[in-house]
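Heads up, there are several structures right after this.
In what comes next, chain A is part of two complexes: it sits with chain B in the first one and with chain C in the second one.
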Partner chain A sequence: MAAQAPSLWTTFRRNTIRSFAAMLRQRWFGISMLLLLAAFILGPMLNVLVWAFTDARIQPPRLVPEQWSLKWWGETFTRLDVAGGFMTSVGISLTVTLVAALICLPASYAFARMKFRGRTPFLLSFLMVNAFPRFGIYITIAVVFFRLGLVGTVPGVVLIQLVNTLLFMIWIPTAAFQGVDRSLEEAALDAGASPLRVFVQITLPMVLPALSASLLLTFVGTFYETQGALLIGIPNVKTLPVVIITLINHHIRQLGAVLSVALWVPSLVLLIFAQRVLRGGTLAAGFGL
Partner chain B sequence: MAKLTIDTLTKHFGSVVAVDRINIEVEDGEFVCILGPSGCGKSTALRMIAGFEHPTEGDIRIDDSSIVAIPPNKRPTAMVFQKYTLWPHMTVYENIAFGLKLRGTADATVRRTVEEGLELVGLSGYEKRYPSQLSGGQQQRVALARAIVLEPKILLLDEPFSSLDALLRVRLREELKRIQRRLGITTLFVTHDQEEALSLSDRIAVMREGQIEQLADPSTVYARPRSLFVADFIGDMNLFEATTDAEGIRLGSSLLRDSGGVEVDRKVTVAVRPEELVPAATGVPPEETWEIAVEQTMDLGHYLKLLGELTGVGPVKIYLPKSAHANVVKGRVRVTPTRYLIYSNADAPVEVVKRPHVVAR
Partner chain C sequence: MALLIVYPAALSVFDTLTATSADGSTRFTLESYVTFFQLPDALPNLWFTLRITVVTVTILFALCFPIAYYLRFSTSQLSVPVRFLALFPMFVPGIVTAFALIRFLGDNGWIENILFSLTGWEGWVSPIAKPQGIVIGLVWEGVPVTVLVLTAGLSQVPNHLIESARDVGANGRQVFFRIIFPQIRRSVMIVLTLNFLGVFGAFTIPLLLGGASPQMYGHYMANRLYGIGQYTHAQTAAVIMFLISAAVGTLYVRSVVNQRMEKGE
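Up next, the complex of A and B:
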């Protein structure tokens, strides 16, 4: 295996310090733009953070509350709809990831290894889903699902969320499988391995980093997906993001804020995991970059 | 140990004929090279023997039993590929042990065999390395060990050294020859490098456009190439367009007395090796010697290479021993061939070997 590359953060920190002084001198315009952008992105996040740790309303022109409080955290996590939403989300995300893997991995292997009529158009068609406004597609699907009685059911939500996963679960593994040199497989075949064993012992280990990347992206993406889940799941199936929307709509601002902050945790954990496992540009390699 | 028979082997890819009815017998313990330019079908032929391609026609036999119907993983052949094909997620040990373990070989035996294999290729102690920690030459040695430890009946090599630098290529070539001799393993080696083929093989099959042009031992292929293609492809060769008449063969203003029985008034090609053009002795009639205008002299250490022009005929290459340099006077040298081949333009090239009556020494 390749030697350990310096982590993204180390590189970032080193480069930042080195170039900071020079930047200040030469690029004051760029720096002000950067700060503006940071405020634009971080501002709302900070606002959410502040709201999550307060009890009362914040009176303008104050930016921070008079009193900090953890009251809403206990309040939030003892709510039945939140706990239920969390379980629903985990269950649906796992199901979607699993089903997507079952459908897409063999398909991507076929895309990578076989030459068949319409291969390229078919491959591009997975991109099409992302080329159009999602909501339009969802509405159309919802109409069909309504007739089929899938609206408000778990299978319905799983199906609509599968649409989102296609891109990651087809394109990344396809590129990864293509990256495995044919002659590596032939060498194993030549050494006496059956085609199945070649796949399990040679091909699979070599694409595993890219596969885990796509599985991870699928899981996280599904966990946070809102539009499809909202449109198809309501009123019976409520994933966590849908629950948050409902809570915000009921004007309990702190509930939404607490949940937003809490939901950073799983994605943060996964990202740290991803950074650890998928070092060395695997993700980029997965995209064929 | 085994004999390999390739019998009218043919491979079509759509309308393209990659391999066209080739026949080769590789005797037990023999080292045969398939030599040819890229795209001549040599690799396809090898891949059919390994089982990665299915022949359109013809048969492949090992010890007189056909292997065409056997899948590649069950064939008693082992291949070393052109690309580096060590599995990157396995150590050197795991790479070499892979095939042995598949056969259910006992652990102790696997360990011993892998050690022996590594020793054979001069890489003892490299067991725990990963392929990415090895140089290209080391990787190909491990690949060779990986093939050899399986004790294949036939060892197949597909341009295994072509991605290595020249010096390493020569060293590995010598090593391969030593190992092959020691194990007495029947070997088929594919290459586009004529020097490699000449130095390694017991016999060479020269391929062109899917067909075998000549199958013979290296010295025969070098001395008596069966066709103009082989003459041009193997070694350095001077080729001159000429015509025959009643006196002999006319090359511009020069004459070769002996036309080897080729009819008069025929267009022919005369082929002379650069080392078979020697300075002419004083007694030879001037019209029977060739005056060469030397344009470049290269000192290649143990001999001189002269590039020049045979007046009215074309460029010419001459290898001279350094002691013969005195014969070059004012950029001109008179030479005469000690041996030449005449290829008549007929469908099947007539091949004649001649020695002129007077030779300078």
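Up next, the complex of A and C:
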């Protein structure tokens, strides 16, 4: 059936309705949503920001301090517990990222490229981490660690934090490897390149953005992870977030404020860099989409 | 994987279902469950946890669906900051969220001071250390994942499908319920189940923003775990949690599997 051109009136009416709806969607709806989100999401963060840059308490009903000061930044970071927590966190996060990469990257290459029996069930088994309430899993792991004497040790914390990283480190790289156009690799092989050379010069550059994104997410996610580290780490191993918990009700509010700002500003920077990855739907792969 | 998740979970199930008799043999018993539910706070805390979970999941969906819808269909420049703000909490650790919300919503926080300065109203009651505090904190944390999954789901609805429906005269409501909704049913399912499991198993926010009683199960289990000789209680609570969430977890996995099968895996 030949498509019939819509009459002038239909086109006019449709465009009017559409542009009205579009205006409503884009202007008022968009602006009010932006303001609401900004107040809800950014409000608490900015509130903490002003607390981090004042010497004395902010006297209500003032919103910002009368005098700004950097005094507490020095005071906070020279505290022994904070410096120690920072070093512990860096060490543990690097270890977790490295171990996760060593286990998961070869595995994800295999998942993407090889057809073996049980491939799909095995890949789906990683979803189990999401399919149970996370803290319930942690509790049952903690009981095992109690018996093994792993509670309060660095290896214990590393192991429990690995649980968090597995899904992202398997699914995102698997999706990336699957996305590589095989014909490019075959062409290079035909032209006489060695398999290793093909991998380094053809495959790797194409998956590198997704791989680095998943590595970065693993590192940051581990650095910020609180519940597993708290549950398994006490009383000896204290990562930075665990140290902050002890400072949260400290009578000097600036300590917690400085540390909060020191943690959320890097997240903001990270988000700016991760925008491209996030838009591409790479991250959604980590939730099973 | 099996070592880190299946074995500990199975061990807890086994531990809570058996007891060692005087002669050293192991027998099947439901004793730990009976004792557990005789604890005065076990059942009230469970109801409390379920209530908070349902309320939080509902608010998250109601709040994030319009945002995701806007991000999918808007061509305006405004969608860039909207997306940015919606994703921002993803990388903020729970402890920072808690501290910031205490300053913002708590006594003498910005909200109270702004309301007072603008209207002279002094009636602000801080939600911190109350159930409302937990819900607000969990909603704050849950926005990125909810928006991300819903946007990904909506972006699978092809534009031409919507346009052709409009061309044959479908109105906005028809387009939504007949065209868009059937296509995103799975993403909606994924996001609801994912949020249910996330909130049900939350720990940091309930610990820091909630009151002393009633407690959410994450908080409650952790207290039990370190109580002397009480970790069977923690294990029992964990197994009960697994049972309740098993149905939801199955729905989640099934939605993901179906989703991937459609994409031709």
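What we mean here is this: the second predicted complex is superposed on the first by the 210 of 289 C-alpha atoms of A that agree within 3 Å, B and C clash if a C-alpha of one lies under 4 Å from a C-alpha of the other, contacts with A are read in each partner's own complex, and residues count from 1 in each chain.
Throughout what follows, a residue touches a chain if its C-beta (ideal position, glycine included) is under 8 Å from a C-beta of that chain, and two chains touch if they have at least 3 such contacts.
All values reported here derive from a predicted model rather than from experimental measurement.
Of the two partner chains, chain C is the only one touched by A:Val220; chain B is not. Applying the stated contact rule after C-alpha superposition, one finds that A:Leu263 touches chain C and leaves chain B untouched. Applying the stated contact rule after C-alpha superposition, one finds that A:Met128 touches chain C and leaves chain B untouched.
Looking at the shared chain after the overlay, A:Ile139 reaches chain C, while chain B stays out of its contact range.
Legend: residue contacts after superposition of the two complexes on their common chain; A:Ala101 is shown touching neither chain B nor chain C. In the superposition on chain A, contact is made by A:Leu184 with chain B only, not with chain C.
Legend: residue contacts after superposition of the two complexes on their common chain; A:Gly30 is shown touching chain C, with no touch to chain B.
The wider contact with chain A, measured as residues touched, comes from C rather than the other of chain B and chain C.
Listing the residues of chain A that touch chain C in their complex gives 6, 14, 18, 21, 25-26, 29-31, 33-34, 37-38, 40-48, 51, 58, 60-63, 120, 124-144, 146, 159, 162-163, 166, 220, 224-227, 230-231, 241, 244-245, 248, 253, 256-257, 259-260, 263-264, 267-268, 270-271, 274-275, 278-279, 281, 283-284, 287-289. Chain contact summary for the complex, chain A toward chain B: residues 1-2, 181, 183-184, 186-195, 197, 201-202, 205-206. Against chain A, the residues of chain B that register as touching in their complex are 50-52, 72-74, 77-79, 81-83, 85, 87-89, 98-99, 102-103, 130, 132, 143, 146-147, 150.
By the touch rule above, chain C contacts chain A in their complex via residues 1, 4-9, 11-12, 15, 66-67, 70, 73-76, 78-79, 81-105, 108-114, 116-117, 140, 143, 145, 148-149, 152-153, 155, 166-167, 172, 187, 190, 194, 197-198, 200-204, 208, 217-218, 221-222, 225, 231, 234-235, 237-238, 241-242, 245, 249-250, 252-253, 255-257, 259-260, 265.
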